[in-house]
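Listed below are the structures to be examined.
In what comes next, chain A is part of two complexes: it sits with chain B in the first one and with chain C in the second one.
On to the complex of A and B.
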């Protein structure tokens, strides 16, 4: 074994990051944030096609965005859709994954495959197939069908973090411990399992919320104008006025961020209580 | 009448027999250990008592009631797990109170009971901590307190000390025994550690391949093993294979052993003679002991065990014998030295050799 790369006693060698490391990180940061920053600037620009920076700044696009006829309706529809998908997929995924983990480990591989499927099927195919299959039912082109579709589509985003979190705790033994203390399955799930996999549940919820909030293809093809969501409005405005579309994008980011912060706050409440208890020792 | 009664309980996991026709009566207030190598079915049996596994056949009765199909949360049986299984999201107090809350006791009663059991395991000052802030030994004591808090009819312990280090293990097993006796709670203790089983149990159930090999007190199990498995699994035993050669002799390949009276054996029957190392004396010169078995050999290995030193003595090509020498009886023994081993005929346990 070479001793040069492994210093004794595990003391890390303090080394300045190499130039290429800094460059790589800088490139990554730019790559991630430049589009967001430019979208934001475009939303407050008066005119931005002849110069490097906008010629002037105005909040006019936001005023017009908020005044857009469908603004409130689409925002409401998007929130309804995203929040319902989070709730429904929580109700489906958490008990299912828990059940499979503790009682039916043989089904785990089947579940894994099921959870990869949505990635394998193009959304256009999924949407058109659903429209056809349900064409003769009352569900045809209804928001309920859309909800079902986006839940299927976003399920892996809920499944993965929840399954990982369950894997990390010894769910099986904790369940048995709960049972031996007289708790039924519902109590075990709510008082023992859920609190211990909360970080997974929260990141899953966040991912589902963000995915569904930004969902365009399924909405466009399944319900179209009858249940217009925020992304539909946004796309519509890219053809009318770029600045207003940019303002919509910024609003959309902001909502996603606010939702993230809110969810993380709720999630860290337990954590804070734990930290407090630790300090009280 | 037995308090906990297992009748012909069997369990098979995808074709592999885990427990076969297990029948056992456990008296109220006693501590019974299931002892055996891994895979012997001891944990499976325990899990069937707890209700986590359903037997394929047989019945389990507790206090006269058939509980074979009763779900685990309605059996009123407490369990302590090897991995502690404390709820990480709850403080020590909340963990211990969990079972009591399931019973819907008033807050005053819950508090009183929590304090009582924490007192019992001597961890009153940890109530506000979380499990991860406690040592392994403390966590297991909390797990014990949690299981005892609900005053279960039976307490099950599944290798509770296996994850702890040696010192804590010895201290905690004494503590478990103390609490068990104080509460006179019917307890089943699963372990693969014979020292643990022998030291704390009223009765030991030795298991192998899903079958009970012997049930008895620790002394019975050690001194009068009923078969070769028990004799070799519990403690160490030298084995001499041979044929019955007379009323009290067994003829082995190159030596003749004098044993106790061999009633119940046929002449020429294949038998195995078992002799425990602590019953063998080591001498630097041929001892003059009439009627004893005396073997000559060369010291091959010397292993220091603290209270005793274990010698590996080469008797002949096929046979190596281990003998324990205590400090008090310490002849100057060195490697490759010729020594004489002696043991009384009564030290020989003769068993039919079926394998």
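On to the complex of A and C.
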């Protein structure tokens, strides 16, 4: 993070950007924004297939999107899935990272590898493996199996910020202070460590929430139509009705933007907390 | 006695990892091992077989691997080249605020993959898309039927969308490795800009660029949702093929799907592994 924000180390910065810089950045901004802005406009356009700008504007697509069958059900399913994965992920990852950090430093690199490993597994492969191994059990193609899958898939997103936040505080001294006051490990974790790494926990939770909310592959391949989520409905409508699909895309882009803005807000606090901890030492 | 209690503490410490390990075993390792085993087991005889892997030589499977590798390779190269240029433009931009804004933008957009992104590309480059219309009205040029967004090249444009910002994020820290003093020394020895980049700048950046390539390659190779929304059955990709087999849309021996999955796991594992190794090498320059 500090690498990114640092001004080029010592390089004399030209006062004016060169032409090639302006061109490169203009191209980048256009590439990143044109599809998104067009989708926002398409979702409120009355007709937009024979002119540069829409012929008129209306909120009709949204009204129809909200009335679409399954809309509330899929939204509810998506919320259930993302919120429960955040909760379970927190319950598994935070105590483990804290434990390894304070009691088992030797296992740090092992934990790091285990946490990052899911990045190397394509989601279709994970889906196939889970579907096959649990095919004869009650878990087969159940939402619980999906929950396990999305937690594995989003594990690196929770691990990184939590581990970084824990790295930035003096967990050892805090733990010893807690122990000398007679608190047990659970109490120390809940009332001392968690409040101190809250920015990391919040960033991780938001990242997991946003990732799972947008998750399509595992959901479609593991549970399919029996537990339809919002991204599945979106894809279905790209083949049925463009305007409603646009409205759904806008909803999903907006949720992603909001989560990112929140993460940036929390992240800057995280950064401030890190520098504070450094100064205190 | 003292030694004994310390030993107990150590065992106790490892016990703290058990819940996490059990979770990983249940939802990650056992399923993957089962997959590996299944790819070598014959469905009817239950005996060991290489048949599933030999079947990969059939055109339908070979093509999907070729398409996936081509798509990931091309979009990774485009991502590395354009991302490096854009990253350098951002790195040297005078205003700190705009630099930060563009880095945040990259942070957000690199996660904009999947169905909504695919649909956004249909909105701009579909048959009645915004850019398609623009070209017809102002340049009297119709992209269709030569180009369609539901094709290899259409998919490429959508993939580059999430590859570019990822490369920008990866490459910006790498530029801080190129020390100001080097450039000054090179200049005082009479080197021009081009010579500096060819002899010093690029060689120093090379490990980072190569690491970027491997990560971008893996990023594209594993992608499914974008491809499923855009090309569905028009283009054969490894992830799409595996998807058909899980959903039961294609009746095949399940062993074939598992063999494909194992092969793509190897390809992904190799790229991520090389990425990890090269970043360690690249870090050599950014240290101190």
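Throughout what follows, the second predicted complex is superposed on the first by the 217 of 281 C-alpha atoms of A that agree within 3 Å, B and C clash if a C-alpha of one lies under 4 Å from a C-alpha of the other, contacts with A are read in each partner's own complex, and residues count from 1 in each chain.
Please note the rule applied: contacts are C-beta pairs under 8 Å (C-beta built on N, C-alpha and C of every residue); 3 or more make two chains touch, one makes a residue touch a chain.
Everything quoted here is computed from the prediction, not taken from an experiment.
Visitor: Touch test for A:144: chain B only (first), chain C only (second), both, or neither?
Guide: Touch partners of A:144: none, neither chain B nor chain C.
Visitor: Tell me which partner A:87 touches in the superposition: chain B (first), chain C (second), both or neither.
Guide: neither
Visitor: Scan A:184 for contacts with chain B and chain C and give back first, second, both or neither.
Guide: Only chain B; A:184 stays clear of chain C.
Visitor: May I ask you to decide whether A:217 touches chain B, chain C, both, or neither, giving the answer as first, second, both or neither?
Guide: The second partner, chain C, only.
Visitor: One more residue to check, A:59. First (chain B), second (chain C), both or neither?
Guide: A:59 sits against neither chain B nor chain C.
Visitor: First (chain B), second (chain C), both or neither: which does A:258 touch?
Guide: After superposing on A, A:258 lies clear of both chain B and chain C.
Visitor: Touching A:192, do we find chain B (first), chain C (second), both, or neither?
Guide: first
Visitor: Using the touch definition from the top, say if A:170 reaches chain B (first), chain C (second), both or neither.
Guide: A:170 sits against chain B, while chain C stays out of touch.
Visitor: Between chain B and chain C, which one contacts more residues of chain A in the superposed model?
Guide: More residues of chain A are touched by C.
Visitor: One more residue to check, A:266. First (chain B), second (chain C), both or neither?
Guide: neither
Visitor: Identify the overlap between the chain B-contacting and the chain C-contacting residues of chain A.
Guide: After superposing on chain A, no chain A residue contacts both chain B and chain C.
Visitor: Looking at the complex, which residues from chain A come into contact with chain C?
Guide: Residues 3-18, 20-21, 24-25, 27-29, 31-32, 34-36, 38-39, 42, 48-52, 92-93, 95-96, 99-100, 103-104, 107, 111, 114, 117-134, 148-149, 151-152, 210-211, 214, 216-217, 220-221, 224, 231, 234-235, 238, 242, 245-246, 248-249, 252-253, 256-257, 260, 264 of chain A touch chain C in their complex.
Visitor: Which residues of chain B touch chain A in their complex?
Guide: Residues in contact with chain A: 50-52, 71-74, 76-79, 81, 83, 85-89, 91, 98-99, 102-103, 128-130, 133, 143, 146-147, 150, 152, 156.
Visitor: In their shared complex, at which residues does chain C touch chain A?
Guide: 13-14, 16-17, 19-20, 23-24, 26-28, 30-32, 34-35, 38, 85-86, 88-94, 96, 100, 102-105, 107-109, 111-112, 114-124, 128-131, 133-134, 137, 160-161, 164-165, 168-169, 172-173, 175-176, 179-180, 183, 218, 221-222, 224-225, 228-229, 239, 242-243, 245-247, 254, 257-258, 261, 264-265, 268-269, 272-273, 286
Visitor: Residues of chain A touching chain B in their complex?
Guide: These residues of chain A touch chain B: 169-170, 173-174, 176-184, 187, 191-192, 195-196, 270, 274, 277-278, 280-281.
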